[in-house]
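Below you'll find a set of structures to go through.
Both of the next two complexes hold subunit A, though its partner changes from subunit B to subunit C.
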Partner chain A sequence: MVYLQLPKLKRERLIVLTGKEAVLISISSLIVAFIIFSGFLMLEGATPTEAYGHIFTFAFDPKLGLSTTLHRGFFILFSTLAFIVPMSAGLWNIGMEGQFYLGTIGAFAVAYSLPNLDPALLIPLMITSGALFGAGYGALAGFLRGKLNVNEVVATLMLNNIAFWLVYLLTVGGPWAGIAESTSRPLPASARAPIIWNTTFTSFLAIGIAILLYIFLKYSSLGYQIRVLGNSSVAAKHIGISAPKITILVMSIGGAIAGAAGYHMWAGDPAFYMIPRPEAYKAIGDLTYWGILIGLVCLLNSLAAIPFTVFIGSILVGSTVLVRRLRLPFGLDVLFLGVISLTFVAFQFFHNYRIRRIRRE
Partner chain B sequence: MWPFIIRSLEVATILLLAAIGELLTQRSGIINVGIEGLMLLGAASGFLAALIWGIVPGYVVGMIMGALFGLLHAVLSITLRVNQVVSGMGIWLFAMGFVTYWADRYSGPLPPGVVSLRIYGLSPLFFIGIAAVFIIWFILSKTHLGLKIRSTGENPFAAEVSGVKVIRIRYACTIIGGALSGLAGAFLSLTYLGTWSHLPTKGLGWIAFALVMFSLWRPQILLGGAILFGFVWQFAISPESVYAGIPAPLPILRMLPFIVTIVLLVIISSERFRRKWWLAKPEALGVPYIKE
Partner chain C sequence: MKADAPILEVRGITKRFPGGVVALDHVDLEIRPGEIHAVLGENGAGKTTLMNILFGVLQPDEGEIYINGRRVRFRSPLDAMNMGIGMVHQIRKLIPAHTVLENIILGHPKTESIINLKKAREEVKALCEKYGFNIDLDARVWQLSAGEQQVVEILRALYRGAKILILDEPTTVLTPSEVESFLNSMKAMTKEEIATIPFVTHKLPEVFAVCDRITVLRRGKVVKRLGTKEATMKALAEYMVGREVLFKLEKPKVEIGEEILRVENLSALSDKGVLALKGVSFSIREGEIFGIAGIAGNGQQELAEVIAGLRKPLGGRIIFQGRDITNASVLERMKMGIGYIPPERLGVGAIGNFSLVENILMSIYFDHEFSSKGFLSYKKIREYAKKIISEFEVVAPSIDTKAAHLSGGNLQRLILGRVIPRTSKLLIANSPTVGLDIAATEAVRNRILKCKERGMGVLLISEDLDEVLELSDSIAPIYEGRFVRILSAVEAKKEVVGAMMAGALSGGG
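Showing the complex of A and B:
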């Protein structure tokens, strides 16, 4: 007699996940995302291989998409880092969007009030001011969480919506309103970010912050305290770490990084040099949520986040050709990112488990 | 004034449906932060279905869509044991992309033939929402099934030992919660707005999520909270219908619901309040259940 033997699968809990395994997991999740999205492409009558070819040749062509790819990618890197620091202490910073808006306000306030300042002075001032505004907003969320025990996911999200309307208040018919409808006045020429190697210098600032954070979280004593709190609040209490203090600190650091992105975003891309219409700045604000997924996929490793964010940037920029060059329907580009977010999430399973086949006796 | 009250109660209906579903989900121990996404999916699918089949099928399709993605959240967070916050966020991000791709090309108002049923201006769904609150309150606090759901949320291990099918109950509650969020979304696009515009939820789903916390996981309080927030939200959108000479500019008013949310959160999170009232918070909320 022949029995049809189905393999019996068993899930095994992983204790540690090595970096190599994490990379493999994320690559497989991307492959699955590409396969799923191919279905949508075929549904719209496009050839997937051709479409993917267009996406990446456009995104990495120095004459076409490369500078925007890097710009958006490093923007997402800012928000990834802004997520990683609080998450290392076990806190969900969903508030990068609001902190980025506040950073925008901080940076633009400086530029509008001191337009004639020398760029060598004005630009650092704008970044610092943006970072301070973002840090303040992050600290507010940290205070709500650390001192008043408010759930940080809800608190930061509410703050995001408030910040959205704050920018709206200033730009649409407000004191910063430009000549064009519902955008802000353009930034003074002295505030524009210098371009190095196809990208704004702030991209290198983002890389610098990523390296610093890696060292800070891994080797400094404060970084150690943050990680202890993230792993076990009970252990942290026993060795005398003040949870409210660390909470406010990490949220401020996160907020400062997200706030600095307020300068990077609008002053680093010649297409802007101002705050655009509300729908447009909201669409950029929504990108910050990618920081959450990338931070988790990279196991909170700020260096590993760099290639990831550039890759997501390339998809973001490259998939716009689907609409413009291949005349596929609008929204297909954002759908691609949506599909990737779902497969990233589903493959989080493999961060904790491994599937093993067991032989029948 | 009457139209303002009607509109406010419509917002309340959206919040009520989404929040009572989330309350049920959370009482079983699963947290779903993706309500905003489920609402978007329900709103888009309901709108597209209504273009073809009319208003009631629109609601039904929205509900089915919500249930499907509730199921997805259940698979991810219960079976695959992905962190529940991550899973909800992922569904939300997917929904933003998918809905833009799917429904934005049909942007615009519903055709004139597709009209919501109204009784004295009020949609029957308002009453269905209130009924849902009472049904869920009754099930949770008065029935054997409710006891099982609550025990699943408090201590799944103890529940399993006493014969409760933890996984099955969590699946059911998450799917029902998703369906109600989907219905809330369909109601938003079909009855409250009557049109499709880019990402129409504008943070309402997150308010519904926060409402579950304010309600201290109690359906009766949730009903009051939803109506209160319905009025706050509608006032922020059209203050002139209450009082013409309000000096504050529109963006400041639009912040109001979110500011009120934070203030209420601070109050209910205070030590005194927590000790006295947070008893209904499910002990195992957000913790994956791992049967050994």
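Showing the complex of A and C:
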């Protein structure tokens, strides 16, 4: 008798994923992350519910963590949007970090050369300059990809490294070096970002960009062309869409948004008002990579990205209490973020597949 | 007919897919040793699902499979292969850079870490002689024609000791001359008690000529089981479609007008950088269907792409309505009234992840009638899309359905609906009916004739010789990048054009 046992579970490929399914998948991935991290907390002798309580009460307390939560969250929103635009055209922008550094350079160059300008003029000028610097840097990768077919992941990653050292050259012993070792000179007071409702006004700028992008991608003719290219470059070619043109365009838009974050980051948090030490600005630069994850989790929907980025901001800020308040081992806060990012990545599986049970006969 | 016990028996196979689609509904099938048993059905009839179940790719929800009277369950194709089932896919599963022999012995249980090529060669050679396959075992697979690649797949299955051979649309890739030798090989196999099960949608007559019995599937059910002797072509087509089928199309009488397109000495490279199109000249006039008949890979794809603006020509000129458009962009050509129907549907002609509206938008996104200040006027676009969907009889739950959910025939209707109304002068239809079932093929052909009626010029490219002969006013068989000749519909005889396609009459013939 030939008898081959059937497997119990089966993987099925999904043709189309709806928005509702995507929301369910992200919520379940978060639940799993919280469960996994609870294990680590218990291993260290903490009560998970208590720890989570501490994390969120700290992160959202207006007197304690709220302003930093929003500031970091919206910083991540900038890089998420900078990722979403090129990704809509099928391009992986891994260069938000470098574009952000270039934006920093652009913004600070204006502030240092025109310190006495009226804030109403200086601040928009700084943001614009940062955006232009970022856009140029993105366009460079876009040109390499669009005209010379250089892989954009490799190009943007390498450009990140160059940008890091450019900032280093300017700050550590460079023309922008401050009195303190290896940081920049402080920003002039006129360059500081006005605070509205516990956060810098640039947070609202990020929300505004998210809304505009949503409309742009969904309803504009150019946005449509971007999406066609993102779905099928062959189809795009067949209906006369110029891939090089769109490639350079989306990389420039992405770069501009990441560049604008250069102002948001350093001029929006009173703890900075300058470019900090290299390891500190590198740590901030590393936050831009959350943009990739959140962009993918949100299926490139820029409005859906808003709550996600604020949530990550709250974990980022709130989890520090694990170490400071609950006296848990150092690094547990970073571990939490790591667990969340891993479950996000793992649950991407469900964007493509469905698991179905098969009856055993 | 042989009276032996069945070698393969399928009882009550049912397969449901998510979303409540019943692909197979209690299907029974009985195959005797050495029998040629054709399974007929349109696209969507469940042929592919049945094939995949027989070969262990899918597992049935209900029903049993017996081989030589023993119940079997296939967990994977490997199980099926070990039970003597071989499959010849329509999409080749071969390694192009390897030789024929290497492909045949690949994955064979006898092939160990040290390959005994000499012994394998003798065994494969013996197989070739036995069944009358004529193939160079040292040729690289990429050098072979589609028909020869199919032979490699058959040999691979036979070398593994297959007693039951499943063939997916075996005759579609063959040239008329190849068909005959293929059918002879099939007959030779039956003498060795090897049962073959060709699954067929198109090209009924060829299979009809050799098979013993026929099972007809429609919408997942067996609608008819009959011996070849009792069947007629027309009746079979009716069982497949479920209604009477008119095989004859009415060619409209259209006055052939002025010249629309003139192509002069056009040449182009293929994607591999090989000279694929070697100096082709012709012209198309208003109301004329110019048919290019050829086996895939003879330069017709490159020709279509050059005229549509997708590929840069190496030399020559394209004159459209008296204007040199050799260097015009795709978009400029679209705006001039040139439309292109590509051979691949999903991912090229249509985007699966896009709704029907967004797909139709592909041909009008640049038109100021449907946008203002850079923003799309979705209200107008949706109305237009609704009109197109009903006019072109695209069957879909709503205009917001994703194109990925459409069947092949509906998808092609959608693509025609997107392209044809925006095309005023010249339609390039590249393999417009490939892979479509009878009903959809009929609809597509009628659309093309309607374009002719509207006074458009049509460049029709097809591997299906009957289609080209039936629709075209002028016929150009293409072989190795050159037109063998340009014939008028009256003087084009099927045998002659078929021989020209196969290269028999090229070069002065």
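FYI, the second predicted complex is superposed on the first by the 352 of 361 C-alpha atoms of A that agree within 3 Å, B and C clash if a C-alpha of one lies under 4 Å from a C-alpha of the other, contacts with A are read in each partner's own complex, and residues count from 1 in each chain.
Please note the rule applied: a residue touches a chain if its C-beta (ideal position, glycine included) is under 8 Å from a C-beta of that chain, and two chains touch if they have at least 3 such contacts.
All values derive from a computational prediction rather than experimental measurement.
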More residues of subunit A in touch with subunit C or with subunit B?
B
Contact-wise, after the overlay, does A:V16 reach subunit B, subunit C, both or neither (first, second, both, neither)?
second
Using the touch definition from the top, say if A:V334 reaches subunit B (first), subunit C (second), both or neither.
first
Thinking of the overlay built on chain A, is A:R356 touched by subunit B (first), by subunit C (second), by both, or by neither?
second
Quick check for you: in the superposed arrangement, does A:Q348 touch first (subunit B), second (subunit C), both or neither?
first
Looking at A:L157 after the superposition, I want to know if it touches subunit B, subunit C, both of them or none. Which is it: first, second, both, neither?
first
On the A-aligned overlay, A:G208 touches which partner chain: subunit B = first, subunit C = second, or both, or neither?
neither
Touch test for A:S220: subunit B only (first), subunit C only (second), both, or neither?
second
Residue positions on subunit A within touch of subunit C in the complex are 1-7, 10, 12, 15-16, 219-222, 224-225, 227-228, 231-232, 234-235, 237-240, 354, 356, 358
Looking at the complex, which residues from subunit C come into contact with subunit A?
18, 59, 70-75, 79, 83, 308-310, 329-334, 340, 342, 344, 347-354, 358, 361-363, 365-366, 371, 374-376, 378, 402, 404-405
Of all residues in subunit B, those that touch subunit A in their complex
33, 76, 80-83, 85-87, 89-98, 100-102, 104-105, 198, 203, 206, 209-210, 213, 249, 251-252, 254-255, 258-259, 261-262, 265-266, 269-271, 274, 290
Given the complex with subunit B, which residues does subunit A contribute to the contact?
13, 40, 92, 94, 144, 148-151, 153-155, 157-159, 161-162, 165-166, 168-169, 172-174, 279, 286, 289-290, 292-293, 296, 329-332, 334-339, 341-342, 344-346, 348-349, 352-353
